[in-house]
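To keep things clear, I will list the structure first and then write my remarks on it.
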Amino acid sequence: MYVGSEVLRAEPVGPDVVRYVLKLERRLGSSPGQFVMVWVPRVGEVALSVAREEGREIHLLVARKGRVTGFMHDNVREGWRLYVRGPLGRGFAVAKGTALLVGGGVGVAPLIHLCAALKGAGARVVAAIGLRSADYRALAEDLASCADEAHVATEDGSLGIRGTAVDVAEALLSERHFDFVYVCGKEAMMRQVIELAMARGVRVEASLERLVKCGIGVCGACVLEPLGLRVCADGPAFDGDTLTRAGDFGRWWHDAAGRRVPLQP
Amino acid sequence: MYVGSEVLRAEPVGPDVVRYVLKLERRLGSSPGQFVMVWVPRVGEVALSVAREEGREIHLLVARKGRVTGFMHDNVREGWRLYVRGPLGRGFAVAKGTALLVGGGVGVAPLIHLCAALKGAGARVVAAIGLRSADYRALAEDLASCADEAHVATEDGSLGIRGTAVDVAEALLSERHFDFVYVCGKEAMMRQVIELAMARGVRVEASLERLVKCGIGVCGACVLEPLGLRVCADGPAFDGDTLTRAGDFGRWWHDAAGRRVPLQP
Amino acid sequence: MVRLVDLRVELAGLELRNPVVVASGPLGVSLGLMKRAEEAGAAAITLKTATLRPREGHPNPVVYELPYGLLNSMGLPNPGAEEMGRLISEAKAVMRVPLIASVAAQSPREAEEVAERLRGADALELNASCPHVRGLGAELMDDPQLVADIVSALRSFGRPVFVKLSAHGDWIGVASRALGAGASGLVAINTLKAMAIDVRAKCPVLGGVYGGLSGPAIHPVAVRVVYELHREFPDVPIIGVGGVETWVEAAELILAGATAVGVATALRRGFHVIGEIVEGLRAYVAGEGLASIRELVGAAHR
Amino acid sequence: MVRLVDLRVELAGLELRNPVVVASGPLGVSLGLMKRAEEAGAAAITLKTATLRPREGHPNPVVYELPYGLLNSMGLPNPGAEEMGRLISEAKAVMRVPLIASVAAQSPREAEEVAERLRGADALELNASCPHVRGLGAELMDDPQLVADIVSALRSFGRPVFVKLSAHGDWIGVASRALGAGASGLVAINTLKAMAIDVRAKCPVLGGVYGGLSGPAIHPVAVRVVYELHREFPDVPIIGVGGVETWVEAAELILAGATAVGVATALRRGFHVIGEIVEGLRAYVAGEGLASIRELVGAAHR
């Protein structure tokens, strides 16, 4: 039961990240933090966060990782047909008040969707965005322009401050009050942000990635132990409290055969 | 997908006719002229017109015919569970104005339901009821009490005039104007009533019985040739015009094996 | 703008105006219903399966409706080959689309006697797959040699012979033997063996206890069977049957390798579904920028 | 007023607090998910099928959702018997309900090697029925003698041995041979062989091309298989699996002859479905005026 779509635009937003704008056959109806499975016929299917949804158009930010994302970067251009199932999973809780959105690299994707929803709900949004370098400037644009205030850090200092999204978040959390923190990026980074927020008693949610196979909670591939949390069905957004009890978070990963292996940094 | 029901009452309304009042697990939602398939577990299943529907209660008038109806008469009492599927088929067109309802014996069943609907729609209803004898008095009661005016004929003259429902209908049609005639009974009787009505340009509908197997139009058992009318799905109510073109009407019948055999009178 | 598209297909010598055929069963033994199906757009009509002698079938209940399909336990009621033959003669006089007669038999001899009476039809279909009648139908699936022998017998009438397969049993093996014996095409699938129990009545619902499951529930099974048959026998025409409710399921079966598709359970929604499927296929072929639906047969293998 | 009813059943020596078991698959290799299922009310847990060596399974897409069921083509991903054995030891330390380990193997020797590593489990289940993996699973259905030999091998571990059957093939024959070789019980059914084709992409959807159909669509097939197995082998405990979404389908399988029922696809709606099925069965047994659910096992045959 895929929804067909046409690629309206495929625009690089960094050396190995492409923004795909798809026009779906019918409205998806996602909430921020939900994801879709995108099927490239005869190639494969990958989980991707919905970075924006407007009418029948959705945005996806796709980093080149391996077989399928590599194929997409090399071949999928304007006019291609992609097949989408979803929206899947449980997204972020959209809260009121002042929110800090912390995104690392392509992790900004679900935060863009979230930012629009938060603004719609009358929240004030501050974004802390970590990038590898200024080459990824375009990746940060959508979130930065949606937020009331945006701070960018790059690893090499080529844009904004030199440092990581965690550094920015730490500074912001120290100097002001936030009602909610949302984070998406590498798990090590998310761990740190969660600790920072929880130490200050600020509610925090993080969006996780795991190897997703079924995407609907029936195969156990994406599970986080020891709580048995399925990223695809119980998440991908989890609150900080839950994640501190999920020992695998930031440490372990299940490979395609279900073997528990250390998480790649 | 049966709806379970409990038999609230099983009351003889003639020597070989029983009125069953069933309380269903949920509302049936039938329109007049529609029927149900009633399953008696481990015994069989028969088509029966809905004679009345009020809330979750329905009335059925069951004539002893063979295996299943015989079992019902002999065994099914208050407290029994019967299983119902439906409502099935297409019922009568509920018209405004003055209607003549012509029922022969247990053929009054769908007319009772229809009478209530006609009255609800503001029509005036005259009933012409043919019975074998006064022993069937109770069978006529419901229709007679619903109609604005009721005329009963018995074959032996033991109640009302001596004669048939056709005799009554003919007299009524000759002396007054009707906007619609509805008839249910033996096909030979229905043929005559249809001719009487059509000769006077009065719209007429008749409700037919045939051997019903599937009840949902997928097996062809109940068909009327040469038009290929399925009593269970295209009917059981048909207009007079259609029936005059259905050669089988009043003449031929398909037995359980699908052989075309003369209709028993 | 719907482009002009060619929906015609050729099926073992039968010329069909489009790929949508009425499968055996829903029309019973009614010429009137056949005509209604033809008027609704059907490209060919399969008759109800005929046995040598008349059969009354199973007692009611004979069907059980499910949200996603239908269980039936008709039990092959039919007036016998003699009367079916008369019906075919009558039908041939007034119908323009090909008629496929369906035969059930337990031996080549019996099949010949049945087919002899049905020879007015344009093609014969051997029902090797009815799941709810003992000795007739699906039991044939266990005996590929018998199927082959019956096919040989049916071949003698000079009509294309189709074999209707069950998704139970070794259908590849049966198909292979049947084709070896001269079958012109395959029909797949018949209903799946199934049953329903009412939890309040605590007993089987169907009069025949067992029934055959049809409709959307069996569609993915039908696609697989057709796909594998086409892979094994790429040149053999297949009528794909099972859960065709809209043009989408019809297209799936065609892409899997069916040249035509059969429709049964969907007809409970009315004869108009035939026209809807045909028109849906027309728009689909046009939308894909193709000139003929024939280009799509088996396309999922490429 | 819900009367006190006894939902406990005994299954080839396993004491179950109620008849609802998690079928092999949906919990993957996660102790956390097993615990969630136990807390939701499951009476026993079947582990994901293990092979001797780790398997990655088929590439995505591995599932295709249908309104009336699910197609999956996981391809038996599992970390191999060694790691599965470790998981079982961990699980035995914290779980109170019985664990059933599922074994896939192509020979008695291989089965022994797998089972050796899984011996911590309370029972073994031979997966003779996975439809989407070549050589493992359903192919076993074609070789009843091999199934019997594997069962004999598994028997040596002193645990009850169940054989999980497919609805394709000669399941009565396979069951009979397996029981002859000492199998303690049967599990039926696994998914049906099926597939999906996307009409726009014009190719099979699943990475493994073929998949297994589960959920409501296959329920009437499961009822039939369980009913026939119970009729043939009235004393053999059966775990009925297939399309159990609510207590109604569970009750149907029990009336057909299942002592327990397995749940897989329904879990996509959440673990709470397990509790709902258990409580639904409790109310049903009470409503029927019975003291124990055991009185209903096979009741549809009476």
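A few comments on the model shown:
Order of writing sets the labels: A, B, C and D. Residues in every chain begin at 1.
Everything below uses one rule, namely that a contact is a pair of C-beta atoms (placed from the backbone, for glycine too) under 8 Å apart; a residue touches a chain by one contact, two chains touch by 3 or more.
All of these numbers come straight from a predicted model, not from anything done at the bench.
Within the contact network of the assembly, the step distance from chain C to chain D comes to 1.
Under the contact definition, chain B and chain C share no contacting chain. Between chain A and chain B, the centres computed from C-alpha atoms are 65 Å apart.
Between the Cα centres of chain A and chain D there is a gap of 36 Å.
The mean-CA centres of chain B and chain D are about 50 angstrom from one another, to the nearest whole unit. Counting partner chains per residue, chain D shows two or more touched chains at residues 66-67, 203. Interchain contacts link the chains end to end along an open line, per the touch definition above.
Contact between chains, per the stated criterion, is found for A-D, B-C, C-D.
Chain D contributes residues 25-36, 48, 54-57, 59-67, 70, 72, 74, 77-80, 83, 198, 200-201, 203, 205, 207, 264-265, 267-268, 270 to its touches with chain A in the complex.
Those residues of chain A that touch chain D in the complex are listed here as 1-2, 4, 37, 39, 41-42, 44-46, 68, 81, 83, 85, 213-221, 223-230, 233, 254-260. Taken in their complex, chain D has these residues touching chain C: 66-69, 71, 167-169, 192-197, 199, 202-204, 210-211, 213, 216-218, 220-221, 223-224, 227, 248, 251-252, 255-256, 284, 296, 299-300.
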